[in-house]
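The following blocks contain the structures, represented as structure tokens.
Two complexes, one shared chain (chain A), two partners (chain B, chain C).
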Partner chain A sequence: MSNVIENAGSYGASLAPTNGWCLNGVDPRTRLIAAFCFSMVVTALSSPTTLVAALGIAVVGAGWTGALTEQRWKRLIPINLLVLLLLGLLPLGGGATPVLSIGPITVAREGLVQAVLIGLKANAIVLGVLVLLARLEMASIGHALGTLGVPAKLTHLLLFTVRYLGVLQREYGRLRAAMKVRGFRPGVDWHTYRSFGYLVGMLLLRSVDRADRIVMAMKCRGFYDRFHPLDRAALTARDAWFTAIVLLVLAGLTVLEWA
Partner chain B sequence: MHLHEAVLSDSPQGIGVLCLGAVGTLAGTALGLRAMDHEQVPRVALVSAVFFVVSLIHIPLGVTSIHLTLNGLVGLLLGWTAFPALLVALLLQAVLVGHGGLLALGFNTLAMALPAVAVFYLFQRMSESKHRSIHFFAGFTAGSSAILSSAFLISAALWVSGESFELAAKAVFLFHLAVAMIEGLVVGSTVVLLRQVCPERPFLTTPQGLQERM
Partner chain C sequence: MKDGLVVLDEVSYSYNPDRPVLRRCCFQLDADERVGLLGTNGSGKTTVLKMIVGLLKPDSGRVRIFGKLCRTERDFREVRRRVGFLFQDSDDQLFCPTVAEDVAFGPLNMGKSREEARQIVSRTLSLLGLPRFEDRITYKLSGGEKRLVALAAVLAMQPEVLLLDEPTAGLDDAAAQRVVDVLEELPQAMVIATHDPRLLDSPVNRLLRLSGGRLVAESDGDGAIGHLQLQTKP
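Up next, the complex of A and B:
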């Protein structure tokens, strides 16, 4: 848990630029749009061969960019839990060709195939997005969204939220430690749920006070509804190359699917 | 519980659900942003951050454990502004933890935020009433009905997008019945605490301390 939040500042685990790392210097906007297009195209695919190809490309990309190192592979867990659930439930939904039947339960082939295809597609998308956005700071994603036409209030909301995730995480840690030294052990009872309710309430109250102090501090510094990012990046030749490669991959997948 | 676009994209109906979700979230977020002025941005952001941090806490339930969602509480505190707040929190969940996908963000936000807004109109007055005994009841019903409605919307989306999802849809809904119970107890206690500690302060006004101190 702490891992997630500590990494919230940057999309990747470390800020240190690695030598020769291939997506360095590609504009965040280009990468966001690429991730969106990749999701769109892969979502539209349906044939097994194309899905395997898409997953293959994502895996190769992950190997090439190191998108799965340093705990980042954990981001694949939630989606695969969902896929496991579907793998368990879809085959029981009935179908034309039963594979196995135990008493009243029939396992149908159609459901199995559907679940496997969903699993392939989901992993291809999640891994692809992970590769395309790897080592991008959440803050630069926020600024990129701002320049792409997302309303200023919404990007400010995103930037503030990212900024205070770590602070709240530490606040939560302190409150939880305070509960622990008083002998609190979570169980299945009213006391536990009430204590968690008070914990959430205290987190909210403290953050309201913090928010008010933030507003005052920002007013003191003359803030008026605009952030100035320090690295106002311009599109470069790298973006052109990156776009070309992504377009090539997407075109290849489309041709493989519909040709 | 968030859906992923890969699950819904099998059928035209599923894609329809994704588009509907995106349009609904767009409209709701536009309304929410209009209801929020610049000075309130930090407060709303901190509610988003609380939502995100709390979603990582595991609470025991029998042999397993669940995590809190608290969209009912966010609704009670923020009203229409729950749309942008939840949109941001779900975007962070998608990108940092891997819950849900970028294209399903619209639907997931709608499924969380629509019940939150409904809860605001139904229970907000009650949660600020002068009678202390109703606070817990208001919080409990707000918290549990919001999460149940969200689960209902998600199950309905699954159901609409294919007959084979029927069982999964039912399982999702049944599981959330138990979650709603706990969610209600927690949100009820939170409302009681908030009312006791600062009875006079509604959440989304411009900071009072600010005006006093200036």
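Up next, the complex of A and C:
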């Protein structure tokens, strides 16, 4: 849990776009839709050639836009660990064309191909989405989702989570530090389980209290169940160009797959 | 009795029936008054402030704001537009991702247009010496900045009365001094719950102490006692 909470602080410092980056002028809504369409199309692909092409496009996109920092590249690691696991397991599931047999274990070609395809798909999608959504604040994503018609409850949940994760993290940090200075060292015993239980319980209670206070503060400023967004940006020519490029790429992939 | 801006008439309140926080407590705030509210932790300072904006309803007694008796949630909705409340923990108050959205939240709720709200935001932020803060992310602000932005969010609603719950608590000297300076310049009548001697020194012109569930006059050492009205009834 602490990992999730600690990562909350890493979203950028300002909503103002960083200058000199080619996807800057493109509306978050357009980028979200593009990311969604790209994922859908790649999911439907099955020929290795097209998948390699899709991954290639994502890599080129990453290089061209310069969107991916070292930290973002690292996000590919967990998904590839999963792919490695599949690569180890799927070929053992049996198939028509054995490539290798050692004693009772048979490595099948079908499984191997399947695992490679999944690997290609997963990497293309994750990389593509990272490129398309890179440098977007969670806040802009939340607003964009809202204007795209995602139910308000869900977008509020997202926005409030982003806002209060850091606060919860500090609260967790304080409680944890208070435990440490009184000599608490986690071990494998009931004392540890109970103490962590108290910690989580206390965190929950405080969150509920905080939620109450937030509602009070919102009421004090005249909030009664309706949000009025401050920004309502219009789509520009850049969005049109961007959409055209994305459509071209997706059409190319589709043709390559089924032609 | 002439009606003040805020009148609490013999209000009682308890979170726990065995230990009432307020007992037939009386309070009056008049125009141009800046009342300092003293009292130990848990003596009920926040309770008094919350009662004024109807976040807590008294077990008994009456609350009159701007000369109008307020009982229901509906009565208090109107009150909350005209009485600004600065919470002790600014994290409770700043819930929007960006400063501009947070400051605009109140005005938009009051039915202002986006354009008006935007103007109010930039005017209020520059009033508090926070230029170019619009796009800053609220949870990345420092403690002092958060407090000032929260104050901006309250002031954006152009309240006639300000209720400030420990406005300098948890701030370093420089940040606290900045808050004090800002408060000194504001024209509104206010109630400040605080322990900070800096605040009692200059923005405040009347001191009350909450003790035993009642408000009693406190001498602030420079003659302001003559200005005091009796705040408790026997």
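Simple rule for what comes next: the second predicted complex is superposed on the first by the 219 of 259 C-alpha atoms of A that agree within 3 Å, B and C clash if a C-alpha of one lies under 4 Å from a C-alpha of the other, contacts with A are read in each partner's own complex, and residues count from 1 in each chain.
In this text, a residue touches a chain if its C-beta (ideal position, glycine included) is under 8 Å from a C-beta of that chain, and two chains touch if they have at least 3 such contacts.
The structure displayed is predicted, hence computed values, not measured ones.
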- Message: Contact-wise, after the overlay, does A:228 reach chain B, chain C, both or neither (first, second, both, neither)?
- Response: second
- Message: Contacts for A:135 in the overlay, against chain B (first) and chain C (second): which applies, first, second, both or neither?
- Response: neither
- Query: Which partner does A:210 contact after superposing on A: first (chain B), second (chain C), both, neither?
  - Reply: both
- The chain contacting more residues of chain A, comparing chain B with chain C, is B
- Query: Which partner does A:192 contact after superposing on A: first (chain B), second (chain C), both, neither?
  - Reply: first
- Message: Looking at A:160 after the superposition, I want to know if it touches chain B, chain C, both of them or none. Which is it: first, second, both, neither?
- Response: both
- Message: For A:40 in the superposed arrangement: first (chain B), second (chain C), both or neither?
- Response: first
- Message: Quick one: is A:220 in contact with chain B, with chain C, with both, or with neither? Answer first, second, both or neither.
- Response: second
- Message: Touch test for A:29: chain B only (first), chain C only (second), both, or neither?
- Response: neither
- Using the superposition described at the top, list the residues of chain A that contact chain B and also contact chain C. 11, 138, 160, 162-164, 167, 210, 214, 216, 218
- Over in the complex, which chain C residues touch chain A? Could you list them? 50, 53, 55, 77, 80-81, 84-85, 87, 89, 91-93, 95-98, 100-101, 104-106, 108-110, 114, 117-118, 135-140, 153-154, 157
- Name, in rising order, each residue of chain A that touches chain C in their complex. 11-16, 137-139, 142, 159-160, 162-164, 166-167, 210, 213-214, 216-224, 226, 228-232
- Query: Which chain B residues qualify as touching chain A in the complex?
  - Reply: 2, 4-7, 9-10, 29, 33, 36, 38-39, 41-50, 52-54, 56-57, 59-62, 68, 70, 73, 77, 84-85, 87-89, 91-92, 95-99, 101-103, 163-168, 171, 182, 185-194, 197-198, 203, 207, 209-210, 213
- Per the touch rule, the chain A residues reaching chain B in their complex are 1, 4-5, 7-8, 11, 35-36, 39-40, 43-44, 46, 74-79, 82, 85-86, 89-90, 92-95, 110-111, 114, 117-118, 121-122, 125-126, 129, 133, 138, 141, 151, 153-154, 156-158, 160-165, 167-169, 172, 186-188, 190, 192-194, 196-198, 200-205, 207-212, 214-216, 218, 225
